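In what follows, chain A forms one complex with chain B and a second complex with chain C.
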Partner chain A sequence: MGPLIPNGILSYEWNIIIAVLIGLAFGFILEASGFSSSRKLAGVFYGYDFAVLKVFFTAALVSVIGLYYMDYLGWINISMLYVHPTYLWAAIVGGAIMGIGFVAGGFCPGTSICAVAIGKLDAWVYVLGIMIGVLVFSEAFGTFENIYNDTNLGNITLVDSLGLPASWIILTVTVIALIAFFISDVVRKRVKKVFY
Partner chain B sequence: MKESKKNRHVYWNPYFGGFLLGLLIIFTFYMTGRGLGASGVMKSGVVTMVDQVSHEHTLHNAYYSKFVSGDKSPMNNWLVFETLGVLAGAFLSGSLANRIGFRVQHSPKITVKRRLVFALLGGILFGLGAQIARGCTSGAALSGMAVLSTGGFITMLSIFGTAFLFAYFFRKNWI
Partner chain C sequence: MINRKLAKILSKRYIILASLLLIAALGLVLLPSYQKNENTTAENLLAKVINPERYITSDVLADNIITNDPSIILVDVREVDEYTAYTLPNAINIPLGDILNEDYQGYLDQDRYNIILFSNENFKADQAWLLLNRLGYSNLHVLNGGINGWYHTILNPPKPTEDMPNEAYELYNFRRAAGLFFGVGIKAKEKKVVKKAVKKVVPKPKKKKRKPEGGC
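The block that comes next holds the complex of A and B.
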């Protein structure tokens, strides 16, 4: 029963091989979906290309539905999976800073790595920027320490936060995504085409 | 095939790409118990470089010291190997579609210099924000949402919400 490596079904050495293979698929899917193009990515913020919204939400829905089904069928133990911890203010403030960085630079870290691989020089500069950002954060850690450690709510899920069953939450997120997909197609027809 | 040679910007149907990405996330959790990530490798890179310059400094810094322990290199971690795969996978896909080449992609309305300046500034902000939120769009938002992490959903809403709010100020760069 999964997860295989934490449960000791696959030895730890496999982890490295699996990491490279998973990365290979990750990079291929992102690049083939057009995520190595900053102008395509930025389209979601101006209404001329909704690939980001569609790929991102489809992936989130497929994965959350799949993982909960596998848990239901007993193939995976969902309580053993790593849940990204919730530091309320760090998530909001960090997310807001990333949002400005996204619309200014046109990439996020994963997509910039894909663009680096196909030779986009703006992505090379973007990655350099990320590293400077990490350096600034680390060197001035004292300044950011409060916000970084503030309001630690632990490894909570929406099931804990909202007090609703997972199935309801997943259904709600699915409906929201379907509405968003529909609206995005309507919007795109009305917005002036941008060729890139 | 002929079609894609004429236009290098023909990509997969986004729902198809998203579906495959979702399956990949399931596979990643099934195997390793964790999700995907991207910004972690840049952190490892910075920690390694600073550690090379001054090991004393990394040990005394409250943030770096979390990632340097004993004789284990900070580059010896899962995300670094995953990223090597990402580079290879993206290169493979780009090769098949004829998209390889050194160039700066930008709107015809702006100069190369302006594009690069904004790319650098955007990168700095994203790098900073990803450290504060403990992850980026991949590690925090996408992998978080796959297991219904509250923090993952909040980070996702915050990233895209803020980007929409500020899109107006950066519109010259894109449209």
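The block that comes next holds the complex of A and C.
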């Protein structure tokens, strides 16, 4: 049956409408759970709030488990889903830059937009920084072109690179996530309460 | 008023949620595996089955062979001894039992040639057609009627009766010509009408011996 649009159940034009609806819901949930506060987001790195870790890890687990159950029931064809290509070194460098920005600014790109929407000044500065970064990258693209295009591993997933069945990988990641949740709770209890 | 029972349960909500996740993930591992048809869906297969292009008639095939059509590959799915006994010109032999053999996939899994499968009847060729379609291969056709149909149409066509339309005669002539091309010839023996030169007996009037007559 699914995915709905490639299989012609919904027409192609629904793509953008569904994207807007999901985006609205995502932004609303981000704001409602307090993710538009840079202090809450930075809490992961200082050990006084692990909501970000828990929320995003849980979201990934719920969606992957749900997708594989739906695939098993024949509701969706998982091999038809888009897998983003892996550019190994570009991902490592980009991830490092993003991580530094996350610790220093207290936002990730999505939550920064959310915080802009509720009028936080630090978020305005943060988004301005993103714009400048985009401009610098575009202007100096010739310099970065090699690392941007090299080490393309194709549309691979852990199933391809580890050669294990998907269900075992999902179980492993679930166990890792639960251990991480447990440890983060222990850490949070030991760290001094921060008012934010 | 505080619902104490509910509060008691809710105090353990993180444990409950975590174990739910773990159970769901474990369930994925423990689910019995089943063969998924990733290459063809039921709808696609049905559409291909009822498509008349699945079959090629022996007349079209004969025309293709005679005109040296380079886009066809003839695949004989019968056994080796049947293949050696008689087969179509330039056919390759892939017995039905070996149709999934990886050595032959180079012939079968391609999109440049039209593959024409045939056997004695449609039966084995249809089986091969189905198996290869389930693998997602393309351009597969079955010779309608197989070798037997080939014999009854091309090699030994039925003679049209006199009340048939002109097309039947044209088809018959084409089949006769095609049969001649394939070297067997039409079995119909031409009756040799040996015209014996009939001796024309020209009766010669016998000269009657005249009896000597008396002179004057």
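Here, the second predicted complex is superposed on the first by the 196 of 196 C-alpha atoms of A that agree within 3 Å, B and C clash if a C-alpha of one lies under 4 Å from a C-alpha of the other, contacts with A are read in each partner's own complex, and residues count from 1 in each chain.
By our rule, a contact is a pair of C-beta atoms (placed from the backbone, for glycine too) under 8 Å apart; a residue touches a chain by one contact, two chains touch by 3 or more.
This is a predicted model, so every value here is computed, not measured.
Engineer: If chain A is used to align the two complexes, do chain B and chain C fit next to each other or clash?
Structural biologist: Chain B and chain C fit side by side in the superposed model.
Engineer: Under the stated touch criterion, which partner chain does A:S11 make contact with: chain B (first), chain C (second), both, or neither?
Structural biologist: In the superposition, A:S11 contacts neither chain B nor chain C.
Engineer: Which partner does A:R39 contact after superposing on A: first (chain B), second (chain C), both, neither?
Structural biologist: Only chain B is touched by A:R39; chain C is not.
Engineer: With the two structures laid over each other on chain A, which partner does A:L153 touch: chain B (first), chain C (second), both, or neither?
Structural biologist: So A:L153 only meets chain B here.
Engineer: With both structures placed on chain A, which of the two partners, chain B or chain C, ends up touching more residues of chain A?
Structural biologist: Comparing touch counts on chain A for chain B and chain C gives B.
Engineer: Check the residue A:I92 against both partner chains and state whether it touches chain B (first), chain C (second), both, or neither.
Structural biologist: A:I92 sits against chain B, while chain C stays out of touch.
Engineer: Go through the superposed model and pick first if A:L61 touches only chain B, second if only chain C, both, or neither.
Structural biologist: both
Engineer: With both complexes overlaid on chain A, does A:L171 touch chain B (first), chain C (second), both or neither?
Structural biologist: In the superposed model, A:L171 contacts chain C only, not chain B.
Engineer: Once the two structures sit on chain A together, report how near the CA atoms of chain B get to those of chain C, whole Å.
Structural biologist: Minimum over all C-alpha pairs: 8 Å.
Engineer: Where on chain A do chain B and chain C both make contact?
Structural biologist: 58, 61-62, 166, 170
Engineer: Given the complex with chain A, which residues does chain B contribute to the contact?
Structural biologist: Interface residues on chain B, with respect to chain A: 9, 11-12, 14-15, 17-36, 38-39, 41-43, 45-47, 50, 61-64, 78-79, 81-94, 97, 99-107, 115-116, 118-140, 142-167, 170-171, 173-175.
Engineer: If we count contacts the way the header does, which residues on chain C are in touch with chain A in the complex?
Structural biologist: These residues of chain C touch chain A: 14, 18, 21-22, 24-29, 31, 38.
Engineer: Help me check something: in the complex, which residues belonging to chain A touch chain C?
Structural biologist: 58, 61-62, 65, 68-69, 72, 79, 166-168, 170-171, 174-175, 177-178, 181
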